[in-house]
Each structure stands twice: as C-alpha cells, then as structure tokens.
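The following block contains the structure, expressed as structure tokens.
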Amino acid sequence: MMFASDNTGPVHPAIMAAVASANDGYAMPYGNDATTAAARQAVRAVFEAPDAAVEFVATGSVANALALACLAKPWDGVFCHRTAHVEEDECGAPDFYSGAKTVLIDGADGRFTPEALEAAILQCKARGVHGAQPGPVTITNVTERGTVYSLDQIRAISAVAKAHGLAVHLDGARFANACVALGCSAAEMTWKAGVNAVSFGGTKNGCMGVEAVVFFDPAHGRELELRRKRGGHLFSKHRYLSSQMLAYCADDLWLDMARAANARMAQLVQGLARVHGAHLVHPAAGNLAFIEVPRAAHARAFAAGAQYYLFGGTVDDGATDAPLRCRIVCDWAKTPEDVERLLEAWAG
Amino acid sequence: MMFASDNTGPVHPAIMAAVASANDGYAMPYGNDATTAAARQAVRAVFEAPDAAVEFVATGSVANALALACLAKPWDGVFCHRTAHVEEDECGAPDFYSGAKTVLIDGADGRFTPEALEAAILQCKARGVHGAQPGPVTITNVTERGTVYSLDQIRAISAVAKAHGLAVHLDGARFANACVALGCSAAEMTWKAGVNAVSFGGTKNGCMGVEAVVFFDPAHGRELELRRKRGGHLFSKHRYLSSQMLAYCADDLWLDMARAANARMAQLVQGLARVHGAHLVHPAAGNLAFIEVPRAAHARAFAAGAQYYLFGGTVDDGATDAPLRCRIVCDWAKTPEDVERLLEAWAG
Amino acid sequence: MMFASDNTGPVHPAIMAAVASANDGYAMPYGNDATTAAARQAVRAVFEAPDAAVEFVATGSVANALALACLAKPWDGVFCHRTAHVEEDECGAPDFYSGAKTVLIDGADGRFTPEALEAAILQCKARGVHGAQPGPVTITNVTERGTVYSLDQIRAISAVAKAHGLAVHLDGARFANACVALGCSAAEMTWKAGVNAVSFGGTKNGCMGVEAVVFFDPAHGRELELRRKRGGHLFSKHRYLSSQMLAYCADDLWLDMARAANARMAQLVQGLARVHGAHLVHPAAGNLAFIEVPRAAHARAFAAGAQYYLFGGTVDDGATDAPLRCRIVCDWAKTPEDVERLLEAWAG
Amino acid sequence: MMFASDNTGPVHPAIMAAVASANDGYAMPYGNDATTAAARQAVRAVFEAPDAAVEFVATGSVANALALACLAKPWDGVFCHRTAHVEEDECGAPDFYSGAKTVLIDGADGRFTPEALEAAILQCKARGVHGAQPGPVTITNVTERGTVYSLDQIRAISAVAKAHGLAVHLDGARFANACVALGCSAAEMTWKAGVNAVSFGGTKNGCMGVEAVVFFDPAHGRELELRRKRGGHLFSKHRYLSSQMLAYCADDLWLDMARAANARMAQLVQGLARVHGAHLVHPAAGNLAFIEVPRAAHARAFAAGAQYYLFGGTVDDGATDAPLRCRIVCDWAKTPEDVERLLEAWAG
C-alpha cells in the first residue's frame, strides 16, 4: 500500500531485461554505442520528429535544468507556476544550470492561464535593464496538482510566448500519463502545440532512471551535449541508460504503463464516493491526486500499512478535527486490489 | 580486443544480480531505503571510517566536482596535475560546481612532487587578493599516465597541503587498481595518509555507473547532499544505484576485479619484450599503460580488430616512421587470451 | 522640477571638494592608502562598531549582492519583500553573486511582518533537501514604498531570523533618510536591533557613487574583500571612492542631507491637502512617496516641466479618468520652491 | 619617487575639471544623460567605428570580464598568455562572469606566437566534448611584461583565431601607451587588425576610474548592458563616469598622457647605461619595464625614497648577491627629474 510516489515502485520487467541484455561484451562509451543511437531514434519516432536533438540523463531534475539552461540566458526570468517542480523540488538546479531566476505565476489547480502569463511578461518588460529579462516559459503536464493542461490550453500559452519571442518547455516527468489522459499523441502535446523542448520522463513511469531531453530544433543539440557533460551527467557506460529508454519506447510500453497507473487512479477517485467526508482537492486527470479525508480515515489507513504524504498536520496532532489533505500517486505496478484496500481502510 | 578504456567492458554478473534483486516491490525514494543505508555502511567498512559521510552518484566527473566544490571556495585555485582528469576530461565540471579554477602543476609520469606543490602554493599566496587563493589539492591514483603515487608520496603531498591549511582530495576513478598495485588498504591510501575526501570509483571497475563520494570529516555531509541535489544528481529510485555499490564492496569484489585487470596489464607489459621496438612510456603500475609501438605493429593490431587510442598521428599518415604512442586499458573481464592476441598482433 | 529619483541630483559640494583634495600626488592603490583607512574608521564611528569589517564599492546593487553572497550559500533562499530592490531592480545581481534564489514575502506598504517571515521559513524547511534552504533575511529601510520599519519591527524580524539561525541584512540605500525618520542612531537601527550586515548608502544621498558594506562580525571581512575583487569592484585608484565616504561621514553631513530631503518630502505631503483628488498610497516617512493624483494634474505638472515616474497609465491614454499613481523622490538639493512649484502645478 | 604602478598617480587636471563640471544640476540616471551619449560618440570617433557598442565601467578587471563573458560560452576555454592580467591579477573575475576557464599559452616577453595559439586550439579541439571548447583569444597591449605586440603580430594572431571561428579581445589597460609605442591609430591596432572587442583603459592613464568596453559588432551591445547591470556595475550617477571618458578622448589627451609616460620610460631605459650591473629583462616599449639591478643599488634607491615592486627576494635577505628584478611603471605625471633621481640612486 505504497502510494507516496510513482518513484517508489519497481522497474518494469521489460526494462530490467533490456538493461541485462545490454550487458553483452564491450561497447564504446559516452553514447557512442549502437543502443544509444537506436534509443535516440525511438524517441524521435515517439515524437514524430525525425530531426530532433535527443539526449539522455538519469534524473528529471537535470533534464529540466539542462533544457531550461539551453533556452534561457543568465539574466532571464523563467516563467513557471508557483508550484512547479523546477521551483519547489529541485533545490535550485534550473537556476544553477542556467543562471536565470524563476518568475512565479499563480493559477488554480497547478495551471496558469495565458492571460496570467501575458501579465507576467509585460511586468518583466516594464523594468528594462533593471529586472530579469523575459525568458522561456515552462509548464508541467501532468501538473504538480494532478491536473492536466488541455491541448487548447497549451496552444494558447505557446501563442502568448511566441508573440513575445519566448520559447516553451514542457516538464514531462509524467508525460505519458498526460498523453493517456488527453488521448493525444506525443507530437500533439508538444511541437504541434508550440512546445520547443520536452523533458520526456521515464523514471517515474517504470524505468530505473532515464529521461530524454528533446529539442525539436536540432540546433540546440551541441549545447545540450556540452552542458550535460559539464554538469557531470554524461554516462560513460551509456548503454545501460539508453537501453532503458529503448525498451520504454518499444511496443508502446510507456503508454501501457501510464494507462495502468491512470486506471488505478480513476478507480480510486470513483471509490471516494464510498469514503464519508472524502473529496478531491483538484480534478485528478492522471495518476496523481490530492484528496481530503477525515483524520480518522487516515489513521485507519496508516494502521493498515498505507504510505503517503499528508499536508497541514498529522493524524494525531489534535489541532482540529478538519480533514487532512494527502497526495496519492499510482504507478504502473499498482493493482486494483491495492487501491481497493486503501479505499476500504479509508471507508472504515 | 577492446582496449580503449575500462569503461567499455561489461558489468560484473554479481553487480547485475544485485541490481536485479533490488527490483523487489516498493521502496522509499531519494536514498531513504535500506539498500542505500547498507551501501553507505559497506563503504565506511572498506575505508575503516565508521563516521565518514558517504553519498553515491552515477559518474566520476560529478564525484570529483562535488568533492572539490565542498572543499573549495569560488575564488580558490584547485591544485592539480596538468594532465588531471579534472582539468582535461570533465569539460570544466569541477569549475562549474565550485566556481574555483584549476592551478596546473607539472611533473613526470602524471605525478607532481611535494616541492612542486609547495612552489605553486607560494606563488598563489604571493598575489594577495589579486590572484586565486590557495585551495584544495587533488591527486589521482592510479594517475592518468598509468603510474601510481606511493603511500610515501601521498603522505608528503598531504604534509605540504596541511602545512598551508589546505585539504587533499583523491580522484579514485581507479582507486581499486591503485590499492592492488600498492598492496595497501583503502584507509592507508587515504585518511591514514592525510587525504580528506575521495571519489571512490566503481564505474570503471565493473559497475554499471556508481561512485561514492567519501568525506572522512562527516561535517561535509550536509553540503554534499545539497550540492548533489542542486546538480540534479540525486536519484529518486536510489536503490538501483546503491545496490551496485553494496555488491561492489561485498566479499572484496572491488579488489578482485582490480586484481584481474592489473594482472592482465602486467601480462601485457611483460609481453612487450617480444614486440620489436615497443616500450612503455611511463611505468605501468595498474591497469593502464602508455606504450610506444612501431606504426606497422599498430596497423597489424587494428587489422586484427584491436581497438585503442593513438596519440600524435595515425598508422597511415606517412608523416614519419617514428613509433606511435597508444593508451591501453584492461578491465576485469579481459582474458589472458585477449592480451596474448594483442601482443601477437603487435609482434607480427 | 526633477523628482524622478534621488540619483538624479548633484553631488554635494563638500563631497566634490573631498574628491578634488584626494587628487594630491601619489598614493598606494587598491585601498592601501591613508584616505581609505580613515574612511573605514569614519564608518565604524558612525555605527559605533570599532571592529566592523567595512569595504567600499561604487553601486548599491553590488553592495547588496556582496553582502548577501557572504551570508548565503548557493542553495539558500534569501527572504525578501516581493518589492525589494534586490528582487526587482538589480537584474539578478544578488543571485549572480550568491548563487542563491530570492524567496518573496508579501506585506503591506513594502514591509513584511515577523509572522510572514516565520511562515516562509517554515515552508522552506518543510521541503528538506528538495527546496531552497533557509538563508539570510534582507529588509530595506527606507522601504521601496517610502515607508519605514520601526525599530520594534526590525527587532521582531531579527528575532525570528535568529530563532532559526539566520542572518539579517539591511539594504540601506536610503539608510540616512530612515535614521532621520526614526530619530535613531545608526547603531540602533542595525546591530542593536539584531542586524548583521548593512549596505550603507551614499550615492542616493549626495555622493558621486559610494556605498559601504558593513559586517558587524569582522570574520566576514576577508570573504568580502575577495568577492569584491572577483566581481571586478576593487578600485585601483581607491582614494577617489574613499574620500567621498570620508566627507559623507564627517560633521554629520550624511544626516544633514537626509534631513533636507525628508523635510522637502514632508512639505510635499503636507501640501497635498491643496491638491484636489490627491492622496498618499503609502505612509511616506522618508524622502520617497507614492501619490495618486488626477490625470489632469499630472498633465499640468508635466507641462510645467516636472519629471517623475507614472505607474499604470499615461496622462493621455484616455483609458479611464481614474487618478494615476506616481513616485516622487526628493534629494538633498531640492528647494522648498521646487516642491511648491510641483504642488502648484498639481493644484492647478 | 613612486614607480610602483601607473595607478598610484594623480588624475589629470582636465579630467578632474570635467568631473566637476558634470556636477551641474540634475540629470537622468543610468547612462541616460547627455554626457554619456557624448562620451560614447567620442570613443567611437577614437576608434573610427561609428557603429560600435560602447559602455563604461569603473575598473579594468570588469571591462575584461564583461568583454570575455560576451564572447565566451561557459564551457569555453579562453586563450591567454600565462602572465595575462585576466589570469594572474583579477581573482578569477573573467571566470566568474563568463563561466569559462583560461587556457594558458607560453611565450617569451609576455607575448605568444600565432603558432603557439594554433597548437593550443588544436589541443582543445582534440578532446571533443570532454575538454573545454575553443573560445575567444585575448591579448594584452602593452603586455604585462612591458613589451608590445606589433600590428603584424596582432594580425597574425587574429588570422589564426578567425580561421577557427574564434573572436579576439584586446586588454587595453595600457592601450594608449601601446598606440604611442607603435605609432598607430586605435583602429589600426584593433578592428583593422582583426580584433573584435577592446577594453579601452583610462584609469591607469590619468583618469579617476573609467574604462570603455568596445564591441565593433554592435550586436553585442544589449548583452553587454545586461551583464554590466547584473554585475552591479551600472552607475546610477553615470555622468561622473562618462565625463572622465569624454575629457580623456578630447584633444588627444589620452595620447598626450601616454606620450609623457612612455617618454619617461625611454629616459629611464636610456639611463640604465649609467647603472653598473643593470639591464632590461624584456624590451620596454611603453611605460612599464622589468629591470634587473644589483641589490646594493636597490637598497640605495629605497633609502632615497623610491617605491616599486621587487621579485625573487629582498635587498637584505642575504640569500645571494645576484641582481634582483624590479618592475618600474611611469605615469603621465612623472617628471624627468623623478626619473633622474631614481637613476642616480641606482648608479650610486
């Protein structure tokens, strides 16, 4: 009953098998091997972007940091939602790699509107040389609140950015879950909607540790390579990284795992009707949800062995009898029975 | 017949098995799992340093960069050999992480002397506020030229550093090979000889991709954690990193693999007597050697399928008939037959 | 009728004379001259802090940046008001020098409360290694909205910071105006109230271009020197910088100029009663005020030659007939007649 | 008898007068004033470069740092002479501003050859992604050893740089002295010889503290402005900086002062024939010379009140009776009598 994060789950057997089969004799290092070349092609195929620059790294934080560093100048502001992972959960990695500073935009349910972006850009411009200059825009899909931006919303945000000559980056730590939620292709959610660069996540969705940084304009490729090396992120035994991504892209495994995770979350959300006093805090579209549940229900779940994060208090702090907010994340390996057990514990 | 680098070889089966067995159900992320705790303890045991701060990363470049960034101030000079990996082969990662700049020291066979270090420190100090300030000293063992610093040499260098209040870091990308060459313990080569921090390499020596950054003074631990996170190097599914290191330290596997690699190099060096015109450029003590061989011998080896790096020319550049220098590296999986085939090809 | 900023006015004749008299023969460079030593002592006397580390720079932005860089680690958050100069008007200089990122705190009239600071610190701490770590707190007095923090408010903010082990910096671009407004000494507003470091401004208050960075704990002095040099801010002909500060501190010139500027602002505020539809946006305590005035009044003032910044629109944009906000700043050289002419133009 | 540096001397009266006359009433800040516009035009006229981007700063270190930061990527190597000011005397300011690292080139008399540059570039390129990438080339004229690069030498260095697509920067801390020594125009020594950017020094040559950063391609102008602001180097009361440069360029004052300084050095060099055991270490072409003089001669000079830097020992260290090297610098205000007194003291 581990629902703390999608990074707590096991690696999919097909990914493990791919890593094991990469361990066959000798191969050139630093990405100059056949597996890496094939994995790059596989990502390009997923995105229907045969010319894209594609490089692999092991963590989502550095995928975002490298992508933004290639798009931002050191004196830029990077426009992001106040709750963005790049702002709250990467200990300043994007600032460190880019030199730029985040400019925070408010918005309900983890999403900001095109109008809010426009206002933030204009405020930046009004300061001339004295303030941060308008830089790239970054959005997350699935958002940090478990909602998704629709294709129309992404297109509208991109349109604002483009009108000001700014690039758009998509933090796709849960890219597959968003694709499944929207029923769209990877291309539709990115370059067809005006997105310039993507952090295409594998780690949270059944891989061991691999993310692809994708630039649809290959001119960014060399800078990406150099920034990765300079950050200490170029793997020498690169095939063990690439083989994960190759298997992830093969036979729609990336989508299958996301479908499974999203389905478990849908099951959970539907079952909330059985839990007295429970309700969703934000509309849950992927594999992640924020839910308010009575303290007693949390206490029962923990007693039954459930693991997840609580916000605003603890079950026994006695501060109040108000419901406590929790974050629940499903991964590909979660079973219907796991979800049912959590619901039963909550329902009491 | 791949002799280009020890990072071209396969991962040891015991390491692969450890990674596979880590893939069992759910575990807390970001190093808060039992495997990581056990791996930290295993490294502390190897170094006989029960209080050491130990963190894991996936590349040697970032192990060096983080270790030096914790020891250097942004305005410091980092004293290193002119041919150090931190200078030549990390695209400035140590500079990026620390802000400091390298101060290069000359010395034969990839080693500098205590006297040369003393002179470099004094030159730094003479510049007052105008120059880089004296910062940490970093040495590599096995060196980039395939030689080793003896324990006496390490102690003498540490003594100079300590006399000026400077810390000493050891780049141990080939730490195990140096231990085997010197017949000493990990503790003897490090804290007992005055070394403050080590990059304890696993990747080049049979792992998939794992290095331990070790500080004998645990007060550096928190900064190390924060710098790692900020660099995007904190793995969420951390157990797949830690399990490698745990297996690496178990049952002296790290030493066994280094013994195998060093033995193959010794076999090769001994066999050079059979190759007309061949000679070692530097005394080869570990698993790495620079060797001069006639062009015709290189041509024969390449025709037979050998792979290794040449310096100063190509076999068919016709520039001269002088011998060409090559770098040969053996890894744990190299067989006596592999070495024999190379020698035979060279000998003609 | 220039009211755009206190940096538009002339340099006080006593400052000009001091610079001219510094131009006498030869002197050792880089601050190793008698004038610099005397100016350091003069600042220490102003602050009743005989041991303070004191260094001079030419701009307020770098004074803040250096002070904060000496107090913050690269992974820290720097707590500041949302409208702080370090956030809005220095193009990221504090981030550049420190590596840290700003954490913005809301609050009325350009001031934040101790409670808001406490909440921001706790939010930072809750993120563990994933977020920015709690770093120094910086406040501005006179604030960017023309208000002042009282001594009690400063003490309460310092108490919160101290309880969490955090340092406090005061951006004193208009330090003298705040001292005059509060009727307190420099020591009372700083170390006696728990402030650790000050940017003691001279430029806006009648100097040519000089600010003192003051650390009450002299242990910061060497780092300050090195960061200044590394930032390219160590003047070789240092006496021309120091002589300004020496004259500024002599005979309370710094207070006299601030008294003059504050008195002009008081005259202006009092005169607002004569301007139909005019009102202060924030309580004006120093030499700076935000005032709302009808568009027609602005139009009359501009026609009469007044210069100041408008916010939210222009006099002829026809968007609405709502009053427009302006920022008015008085400097030491402003005359009662200047203020009267502006009031008359507004009053119509 | 102060010969320690050209930054120890007084400011020329015409410069002082210009600063004083800038102190007339109110002016817009941050370079938006008429004096700054005129000073930019004056520098463009000096360089016969009507489109050049020109910005002013107060120190030579930051002029170099900003110029190089606009030309170098963070992963670049900056090619410079081993004794370059950017390497030895700026506490890493160019590294701090650019992120790049210096690549040191040896060469006699403070100059490197085109062949040495070519070799350094090729060595950089050979390392691929693992080493620093080839970045801008920077030379100093007058060099740090008091010699000058001829126009032919500058052209040959530029040709090598251009062949590899690299930019060339000229550190002109003593630009005027080099122009006088070569009898050439500012344009001939820079853009006509392939130089892309110049730090045009005023501080060492009779100003209070002003340098112009000049880019012949105005496309660099905006980045230069932003980097200057972000470094805390944009003066608010900018007219006091610009007025110095305006007076410096007027009526060839910059050349007149350099002629005076160079003439005094020529007088000194000629007079060395009278000093037993004295000789020039490098050919002195400008206002700076390294000279070896017997210890007893130094002792006499110091007793007579001379001030200058010694290298390699002190007059009374008794280590040896070998002559000691000193550095002698003349500035515009040095008189023939000053030089004669030094010569007499040395001659005994």
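Letters A, B, C and D mark the chains in the order given here, with residues in each chain numbered from 1 onward.
Going forward, a contact is a pair of C-beta atoms (placed from the backbone, for glycine too) under 8 Å apart; a residue touches a chain by one contact, two chains touch by 3 or more.
Chain identities (UniProt): A, B, C, D = L-threonine aldolase.
Note that the structure is predicted; figures quoted are calculated from it, not measured.
Chemist: When subunit A touches subunit B, do the two copies use mostly the same residue numbers, with over half shared, or different ones?
Modeler: same
Chemist: Once you count every C-beta pair in contact for both, which comes out on top, A-C or A-D?
Modeler: A-C
Chemist: Quick one: point me to the chain whose Cα centre is farthest from that of subunit C.
Modeler: It is B whose centre lies farthest from that of subunit C.
Chemist: Cα centroid separation between subunit A and subunit C, in whole Å?
Modeler: Computed value for the inter-centroid distance: 41 Å.
Chemist: From the mean C-alpha coordinate of subunit A to that of subunit B, what's the distance rounded to whole Å?
Modeler: Averaging C-alpha atoms per chain gives centres 34 Å apart.
Chemist: Using CA atom averages as chain centres, what separation in Å is found between subunit A and subunit D?
Modeler: 51
Chemist: Of all residues in subunit C, which are in touch with two or more distinct other chains?
Modeler: Counting only residues that touch two or more other chains, subunit C contributes 74-75, 90-92, 96, 129-130, 133, 226, 229-230, 234.
Chemist: Please give the residue numbers of subunit D that touch subunit C in the complex, ascending.
Modeler: Listed in rising order, the residues are 2, 4-5, 7-11, 16, 19-20, 23-29, 57-63, 65-66, 90-93, 96-97, 203-204, 208-209, 226, 229-237, 240-241.
Chemist: Which part of subunit A faces subunit D closely enough to touch in the complex?
Modeler: Within the complex, subunit A contacts subunit D at residues 30, 73-75, 129-130, 133, 223, 225-227, 229-230, 234.
Chemist: Using the touch definition up top, name the residues of subunit A that touch subunit C in the complex.
Modeler: 74-75, 88-92, 95-96, 99-102, 104, 127, 129-133
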